[in-house]
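Below is a structure I'd like to ask you about.
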Amino acid sequence: MIVVMKPGSPQKQVEHVIQMVREMGLKDHVIVGQERTVVAVVGDDRFKDRTVLESAPGVDRVVPILAPYKMASIEVQKERTVVSLGGRAKAKIGGTTVGVIAGPCSVESKSQVLEIAHAVKEAGAVGLRGGAFKPRTNPYSFQGLAEKGLELLALAREETGLAVVTEVMSIDQVSLVNRYADVLQVGARNMQNFNLLNAVGEQAKPVLLKRGMSATLEEFLLAAEYIMSKGNSQVMLCERGIRTYEDYARNTLALAAVPELHRVSHLPVVVDPSQGTGKSYLVDSMCRAAVAAGADALIVEVHNDPEHALTDGAQSITPKQFSAMMHSIRRIAAAVDRNL
Amino acid sequence: MIVVMKPGSPQKQVEHVIQMVREMGLKDHVIVGQERTVVAVVGDDRFKDRTVLESAPGVDRVVPILAPYKMASIEVQKERTVVSLGGRAKAKIGGTTVGVIAGPCSVESKSQVLEIAHAVKEAGAVGLRGGAFKPRTNPYSFQGLAEKGLELLALAREETGLAVVTEVMSIDQVSLVNRYADVLQVGARNMQNFNLLNAVGEQAKPVLLKRGMSATLEEFLLAAEYIMSKGNSQVMLCERGIRTYEDYARNTLALAAVPELHRVSHLPVVVDPSQGTGKSYLVDSMCRAAVAAGADALIVEVHNDPEHALTDGAQSITPKQFSAMMHSIRRIAAAVDRNL
Amino acid sequence: MIVVMKPGSPQKQVEHVIQMVREMGLKDHVIVGQERTVVAVVGDDRFKDRTVLESAPGVDRVVPILAPYKMASIEVQKERTVVSLGGRAKAKIGGTTVGVIAGPCSVESKSQVLEIAHAVKEAGAVGLRGGAFKPRTNPYSFQGLAEKGLELLALAREETGLAVVTEVMSIDQVSLVNRYADVLQVGARNMQNFNLLNAVGEQAKPVLLKRGMSATLEEFLLAAEYIMSKGNSQVMLCERGIRTYEDYARNTLALAAVPELHRVSHLPVVVDPSQGTGKSYLVDSMCRAAVAAGADALIVEVHNDPEHALTDGAQSITPKQFSAMMHSIRRIAAAVDRNL
Amino acid sequence: MIVVMKPGSPQKQVEHVIQMVREMGLKDHVIVGQERTVVAVVGDDRFKDRTVLESAPGVDRVVPILAPYKMASIEVQKERTVVSLGGRAKAKIGGTTVGVIAGPCSVESKSQVLEIAHAVKEAGAVGLRGGAFKPRTNPYSFQGLAEKGLELLALAREETGLAVVTEVMSIDQVSLVNRYADVLQVGARNMQNFNLLNAVGEQAKPVLLKRGMSATLEEFLLAAEYIMSKGNSQVMLCERGIRTYEDYARNTLALAAVPELHRVSHLPVVVDPSQGTGKSYLVDSMCRAAVAAGADALIVEVHNDPEHALTDGAQSITPKQFSAMMHSIRRIAAAVDRNL
């Protein structure tokens, strides 16, 4: 890190900073500029709290140089992580094939989930999404079928071979969800629920980690680091739109996050255009754009009867629309030398 | 709610919407404009999922009219909620007295917490803050002293009479924290950790609920509604800065949230200028501004040795600065006909 | 629009609102709900100031129903606008061909602009971008070559046939820039410089209008409406990234704006991935994503020597990278049934 | 500035950076860390374009150390600037007295402006605001009375002695507005209309510069620097709310900008709670908070008949409310040792 002193800070304050740096077990390197002195700190300061230096007298600010995450960093692991989804399909996310995970927002009934699962399977999906535990903004909204929903997902897997991707909201649900799911999903609202991150980090199942609504990529990768530091390296990073002032869509889908995450991390990147826009009529073009941007997988909400969906009807597409969309993204995948 | 049809939507689509509205148990009221038809929906649609209407053919969008929360709403309860903090001080938050809760970011040691507790008590604080379980962005950072920290907080309460306000991060910590704390704090990162909200809603202790980093006030009040719907009406709403593009401070402290929350809710409003700015040199003026804006309480980070603080040194003020600040906000409180 | 009364507002206040509505020459339609009364206003209220209704006693808020722009709206003109760029190439933007406009951020010298112009021409560009007047955040930065720069652009057009796209910053530059340019560019910082919008609206040249840094799409389309209302219907809308809390890129490129603008407007949509990310290493993938999302054109910064560029070196790609990029987006264009 | 190399960048790339730094006339200082090399650049690099270094091979990023503005910086001028408003009142902004500028959003008629001017004068205002040229988002909205409006403002000054503060939107209006106004206002949408900044910088009248809707404080101060670099040092910085995801108010009033601007600049800081919230019911408390935060002046929209205001009725308060507000902020001013 670089400690920038205030203009005209006396030598005594610089020496105090030097002493603090040395107490941290790091080396200092003082550079006296025309207007300010800066103290360059040499050594692995990744896990040091730089805010203490900011509170020393005469310090203007502290600029970090090293990324604060390690296991998620491409500097530590050069080869790209490939995650095996499980299910009979045993699809791999992170290689040359673009994987598509599709299904309803919520599991609502046996016929609903089976009908959708067969349809998306037929259209080329490799994973089945569907919520049994639902994080709802409103306490009075439908909260999911819980274990009954998990059983229906497992039934759909049995019939279709699709890997089951489903959300776990709380540490006391982890072992239950783990029994049924192939992939544990951590939702955007829980991206910094650190106890939950630790808990899924201790499971032997891949984790689909959604980016928090206003998380920086650094915070996102540190959330992945929580999971990885507990021993689970099968993490997929999911861009699902961020909160901005924009009002025509539910979120602003930040597709430049795809190449940037690939630049700084070896983990595969998934895009969720359904959550990312909240509007079914924007899903198709954003799926195409995501694959063109290099996404390793897509996760898409599909409902056989959006008008009667218990959750998120406005962003769900129908099986027929999904099938057409798969056709169009297959062409995009080919144009970036990938298949689907 | 108001269902706005697309321009030129045929009568058949309008009739379909009418039918959906009636199936929901609500009444419709069709208004044919020059360019568009709108269907006004009459009845308590607060807990209906309006996204299903958005996915009906011919619908452009659906505009909600009623606020989706009830127990937190001033429409339901006119008199303002006053929360009793507990501790020997038995301070009340939400009346004419402005309460100040102060203490270290993290509990670090017996001498640290006791020294700070005595200092802030003497300066006029009514509550002691201090984290025993710490939500840290980085898995390798100090995570708090856990139960040992809670014991030290209880000791400080015994010595000073201050009410203990401390964070609970996870449902498996609730009963433990509840044993020691006077006020259960739910952090910004957990504002939509719905399982945790339900769990603290079942306790008999007041809850200090921090606004999520990018939460709207509606989402904030719905999080309070989760707690209240479980039977705990002692909720304090804490504005602690939101995430914006601004870069001179850690967050943007949105003080207009104070009068707006008072306008729509009966719950008391607390402001956290330490988290809200992340810079100790901005805390003093933002405390003054918060009280001038009508805040019912402040929560402030104070450390006896910020340079050696294990967390958040840059935003902590010293006991001496705190004492001067209390003097200056006492004057502001008087200028808005409150005391401190 | 819909006027939402406060809960319990007395009949007198409702009647007052009705009277105001009628004074505006509009019709009212009162709906008495269980908790609130709403007054639906029927008629073309597009150009009425709804804030006056918001200040009437008993009014909670006013919800607009009609989009406030007309000429830019797809409701008024169903067929898509195709803009002819000019130059010998006479490329058309808005049809099945995706147009690429490329060139340096700033015109710096004859050799620079000619070398780049020939290179991008050869790679398939149809327009040459290059700033002669530069809006710079810092008053001490290079401000552009002014008329000398325009002459060099004209020379490059003569040699290559490329249409010249260049920014006009101020009303006193309009006639000068108009003499040299084929397309007048209005920059993001001037999107709401209404006098400038009026001035370019009076010219007979197409306008490339960049979205303001924090403009909503409605504000963006109203800026286009300013230009169109003066008689110039040749407007291209350019998404160039918005300001958010994200810090890995200079802006957040909001690609969902492409299909959304196509949904509500007939104007062609251009994407600027250079400004949109500020990082040369993100340009390639965002160009692909933009074309996959349906962009009608791209505008890309290319420099023959980015290390010595006078402006925006970090986001410029080299002619060689540009050529490779053109190859890759040609494949994407084909995959969405367009050519390049 | 600090040039951060990529991990493992070869010595040749570091040498290339060193050479670039020396070509810029600056000195280099190389620090070899465990994982990365950084090149500290010594010398006044304030006006160098750091993006060229970012495009050199092996460079990860470039971190600026010096603030890019000079004349606006407190490092260059320690004593605070006091601006004399003009008018018979000759009020001074930036000293111990808090100045209040009040008046209608738009000048609408003689009786309107005179009635309001007398009322705000009586309540203690020192300046009269009122728009004659109005920047309107919608081309079909009322655009102001132009010179007729300026004449009415001058008449109101003659009758009341209040200094006239009014907006100039375009360079061709500068000499006209200058003839009538005591203070030239540059609106938020024009904060980076650099030609306009230069033009008002050449006048002998104080400038009230509004912060752009999504401007950083650095960009804000660089806009002030444009004006000051042309010779006009009488600049007032006006915080008027920024654009964020918040939806209960028109903007998010960022009051921490007040102490932060005071920390880094010597220019006086004005707060506009009317634009900053867009809601008349939030103006009073935000005026109090602004003064408590240290604002040197307030600018407030007052209308004698908000329901019939031609612009911004929803955020205007009545003369009676203004008078009550003045009473309440006088008490706050006293509590921070200032008068009004």
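The chains carry the letters A, B, C and D, assigned in the order they are written, with residues numbered from 1 in each.
Here is the rule we go by: a residue touches a chain if its C-beta (ideal position, glycine included) is under 8 Å from a C-beta of that chain, and two chains touch if they have at least 3 such contacts.
Fair warning: this is a prediction, and the values are worked out from it, not measured in the lab.
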Relative to subunit C, which chain's C-alpha centre is the most remote? B
When C-D and B-C are ranked by contacting C-beta pairs, first place goes to C-D
Rounded Å distance between subunit A and subunit C, as computed from the means of their C-alpha atoms: 31
Subunit B to subunit C: how many Å between their CA centres? 39
Taking the mean of the C-alpha atoms as each chain's centre, how many Å separate subunit C from subunit D? 26
For subunit B, which residues are shared contacts with two or more other chains? 214, 243-245
Would you tell me which residues of subunit D are touching subunit A in their complex? 2, 4, 7, 29, 31-36, 38, 40, 42-44, 63, 65-66, 75, 243-245
Can you list the subunit B residues touching subunit D in their complex? 214, 216-217, 242, 244-249, 252-260, 263, 276-277, 281-282, 285-286, 288-294, 328, 331-332, 334-336
Provide the residue numbers of subunit A that touch subunit B in the complex, in ascending order. 20, 46-47, 49, 51-52, 54-56, 68-69, 135-142, 169-173, 189-190, 192-196, 212-214, 219, 222, 225-226, 229, 243, 280, 306-316
